[in-house]
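Same chain, two partners: chain A is paired with chain B first, then with chain C.
Right after this comes the complex of A and B.
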């Protein structure tokens, strides 16, 4: 028997053993993911195509697309999608611009910027329910400090939660207060990682602060901005807690974002089948849009 | 109260003997099967609302255990928004956790329809019912909250009614006579502009005529419905179809919208907590609110600036047919899958007995449902309150002033919440909102 033939089965055994070890490391995660992600999604799909049996509190008779047809005819579902879209269209760009802007400004060398960065984390660690409650107090038309401050310069009083148009702006303000620091952190890390020589070259060429930002920093940051947008989009599309804690979706339907509506349909009205259909539609829409954003993000990466 | 049973069957006779022996402190193991023994006590679990679960556990259970030491009762509190879903989930489980289920006013039909609750007046439970247990002593309005299709699935243990609370000082400073149960909506709105006032003379309005629920919430339609009912409106017709999108319904919703003109700024975003807070701070002359807040509002807590003498309470203003009220009763039922129905019924009978209810009213501030308790308030502060409650029960009973009784009542209430909120926010006219609600409710109630 040659040495080669003796080595081959040993190598094969080593490869199989290596594979087995790798899978054994991954198995707990796979089991966990199936339990907490795949099974609930499958169960939601099953309920969305069934009538909901209250006697067993589970999927009943298979009824095909009936729940989906009901949801598509429900004006409240479309209104909630529209409200969510309005929120996303305003909140995401504001947070990205503010986040990167603040990061750019505090990136300059000055004493105490470390402390400022640490303070920026505070809104992120405040529980959403607490944040909603605090903002309700701050913005209260009678006792709130914000209206009092505006009053000092002859503005207001503003009905932050009672005016249907202002209520959405209020939600965006609270959400921006909460999530901009997250973007500041990412942007700060990104700015610190940018190559210094390019900035030095721009300085030697006589580029001012604005020209450096526009022609050097932003193109270099473009892929990171795009990636941050995708991350924040995935968080923002789940918007629920702040609205629940501050406006309950009102006044009227002004801030009734889609996740709040699905929650209410499921746990207040006990329309589990219809709300499952809504959840599936939203899941598909979110996946499609996320796919589009990821493609855009990759294109930006290649471009710069 | 020691439960002694009606001896109408061999089983009941045996059970009666058990209780008699128990009362005598003999507690033979065989006889104590259903009510536990010192060696093997019965463990009962009770699902209640978090607002008062801890108080009941601390105040009522020890008193119960003085009579029934071998029945251990553990009360779990759950927040209101999750309460119904948790009840349904537990009741439909093959091995439920809870023996006793606390149901809100509109929930008895849906719990009964899925077979979650025992019929307390059925033969099996009747055989275990104490001779002293006086069903006829309950006022029919709260008792009806636990009924569905002529069966009694739950017993009222914490009643509540929508009432009008008013601030005597603000009425006096505005020069407006105090409300009486004869106050009409017309008079209320005539007086309202005067009740919007600057009490400290700094040139800014700091007190308003009224506050109540206006936010997008299931409680908000109860105000509209009370006005609607007091004008003779009925939510559903004889065939169970929505009938509220008529002239009376529209007028009632216009009335609720009109209240906003005399409510504090931001009222459209206010619900239970904010309206209560405004009233307690002395910034609202009147408030349409659950009566159970009376004690903690009229000097009974640190959360209020008002004294007992400053706060009046009565039914809501009179419409074209009657005064207004709205029932909101918590009733307690027994899980049909409970392994300890006898112990659970023993506890429930004790808690809703004349003695148990009086204790519950005194130590936990629960509103009574029994005429005996209503007519014998234990403390002076309760006298005007009990008078208002009894009046409200009569009014509610007469005008069927409660939420829709249906296995889909919560879905129906959410539809009303959505549409009433749209109308109040000016996103739809009253007629449009009610038409949409009626159309959607046809499917919801199917």
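Right after this comes the complex of A and C.
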């Protein structure tokens, strides 16, 4: 951006041909995303304010806020939002704390460090739907290897999919398994980039472990933790695959996260207008919260 | 607590905690790898070896599940669909996204930055808000169950991803590269294709691989936009995992799962250096 002013005199002889060449770099992206991203969002908005016409299979009559009013009065929608909130509130902090903790362990200097870091890539690239499926097998109440292992030490058997609270824990465990490695990889790089002399100084000043962690390491890491949180948040609000492959939202609606709920409303119950309204509410909520988080992480960056 | 900590001899404490850290790291790695290990193991079991208490670690390995499922028509077809859709979406996005990433990094364009921010914001759009209208439009246009539909749907998340990754890559290149080429008479396109692209090949290729992996694993759009001919492997797996009628078909689940995961793991390990770098950059600059 600073080069703008330096180049300003040249703008006087801007040629249209050159301008076309410049824009042609940007144009394919803009055209494609208008077609596959902007237009569908517009269409969702349109349907959300219309009745759904089953004959044309598209937006029918304009009915204003009716769909929204219907959705807001639907307790299942609120329940599903609550389920999503519970999942987010537990999963995100657990994954971030665990991710940075594991990264600290992994960064211990020894010959196998590179290998361990490479191995942590593996869970990260297991397709979420596969992750859900194999955990369903591992956590099977009768034949699952996890309950068997707990049985060895006299615990359980746990009904991982039958008990509503435990089912939520199950979802969080699977999600944590799938996503913590991602945070570990970011965190290992972040920890290695920490300036060593600051820690030496803290040590010389007689700071203990916790003091060093709280008042030296955390402030230095705050910006990257915040950035990791935002990235992970953007992924977690899209939670769908793992639930579909493991609990299917059950038992009852105990793990029916918002994306699964809207999906079922749209494609099983064929309530396209109502589900469009829900999708728009979720979109606005997500955008608002993302904005808040981004501003927060910027502030954090400035503070330290 | 602080005073006790510092009073212990420094060297001994360090070596002790050092050993504990390594042991902890190994233990946790084993824990994290176990599900994948168990999946691969189960895929080589006979049905009778799968449902046992205690679970069997040693057994006569068989590839029967593999031969059974991969001689059936649907699984190879779905694998092929996934390959077509993932590489198609990956290549389209990398071409389009590299161009716009370069534009955002290097070309002064009035208004382009606004588009850039809008595209970045699109990461907050829940895919379900796109899946519903896409399904309706595709259905009315007769485009459901076609590879191209899925490829275009995947562009919604791949193009923004590629664009921002490549932008930060191009920003890190020295400006003199294309400036000197353009002084030597290269056109803007010439400078981009002859100088910038070859030099960025490692970055472009690894971004391509990440994109293919993301498309390879996608479930929601595939579930909504395909029904028979263009069904992908994640949809097939969701079907096997969610099949409550025949009960838990773990042999099929693990065999198809293993085949799905292995190519991705190989590719990811190939570009692991880039992967880690890209993640770190994404976290600090994105």
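Here is the rule we go by: the second predicted complex is superposed on the first by the 274 of 304 C-alpha atoms of A that agree within 3 Å, B and C clash if a C-alpha of one lies under 4 Å from a C-alpha of the other, contacts with A are read in each partner's own complex, and residues count from 1 in each chain.
The rule is short, and it goes like this: a contact is a pair of C-beta atoms (placed from the backbone, for glycine too) under 8 Å apart; a residue touches a chain by one contact, two chains touch by 3 or more.
The structure presented is a predicted model; accordingly, all values stated were derived computationally and were not measured.
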Touched partner set for A:267, first chain B, second chain C, both or neither: both
On the A-aligned overlay, A:171 touches which partner chain: chain B = first, chain C = second, or both, or neither? neither
Looking at the overlay, what does A:92 touch: chain B (first), chain C (second), both, or neither? neither
Under the stated touch criterion, which partner chain does A:277 make contact with: chain B (first), chain C (second), both, or neither? neither
First (chain B), second (chain C), both or neither: which does A:236 touch? neither
Pick one for A:71: touches chain B only (first), chain C only (second), both, or neither. neither
Using the touch definition from the top, say if A:257 reaches chain B (first), chain C (second), both or neither. neither
Tell me which touches more residues of chain A here: chain C or chain B. C
Of the two partner chains, chain B (first) and chain C (second), which one does A:216 touch, if any: first, second, both, or neither? neither
Have a look at where A:83 lands relative to chain B and chain C in the superposition and call it first, second, both or neither. neither
Which positions of chain A sit in both the chain B and the chain C interface? 56-57, 140, 248, 266-267
In their complex, what parts of chain B are in touch with chain A? 81-82, 84-85, 88-89, 92-93, 110, 113-115, 214-218, 264-271, 278, 283, 407-408, 410-411, 414-415, 418, 421-422, 424-428, 436, 443-444
For the chain A and chain B complex, residues of the former touching the latter: 54-57, 70, 75-76, 140-142, 157, 159-164, 167, 247-254, 256, 264-271
Mind listing the chain A positions that touch chain C in their complex? 3-4, 7, 18, 21-23, 25-26, 28-30, 32-33, 35-37, 39-41, 43-44, 47, 56-58, 102, 104-106, 108-110, 112, 116-138, 140, 143, 145, 148, 177, 180-182, 185-186, 188-190, 206-211, 223-224, 227-228, 231, 234, 237-238, 240-241, 244-246, 248, 258-259, 262-263, 266-267, 272, 275-276, 279-280, 282-283, 286-287, 290
Touching residues of chain C toward chain A in the complex: what are they? 1-3, 5-6, 18, 21-22, 24-26, 28-29, 32-33, 35-36, 38-39, 42, 50-55, 95-97, 99-100, 102-104, 107-109, 112, 115, 119, 121-137, 139-140, 152-153, 155-156, 159-160, 163, 187-189, 192, 213, 216-217, 219-220, 223-224, 234, 237-238, 240-242, 248, 250, 253-254, 257, 260-261, 264-265, 268-269, 272, 275-277, 279-280, 282-284, 286
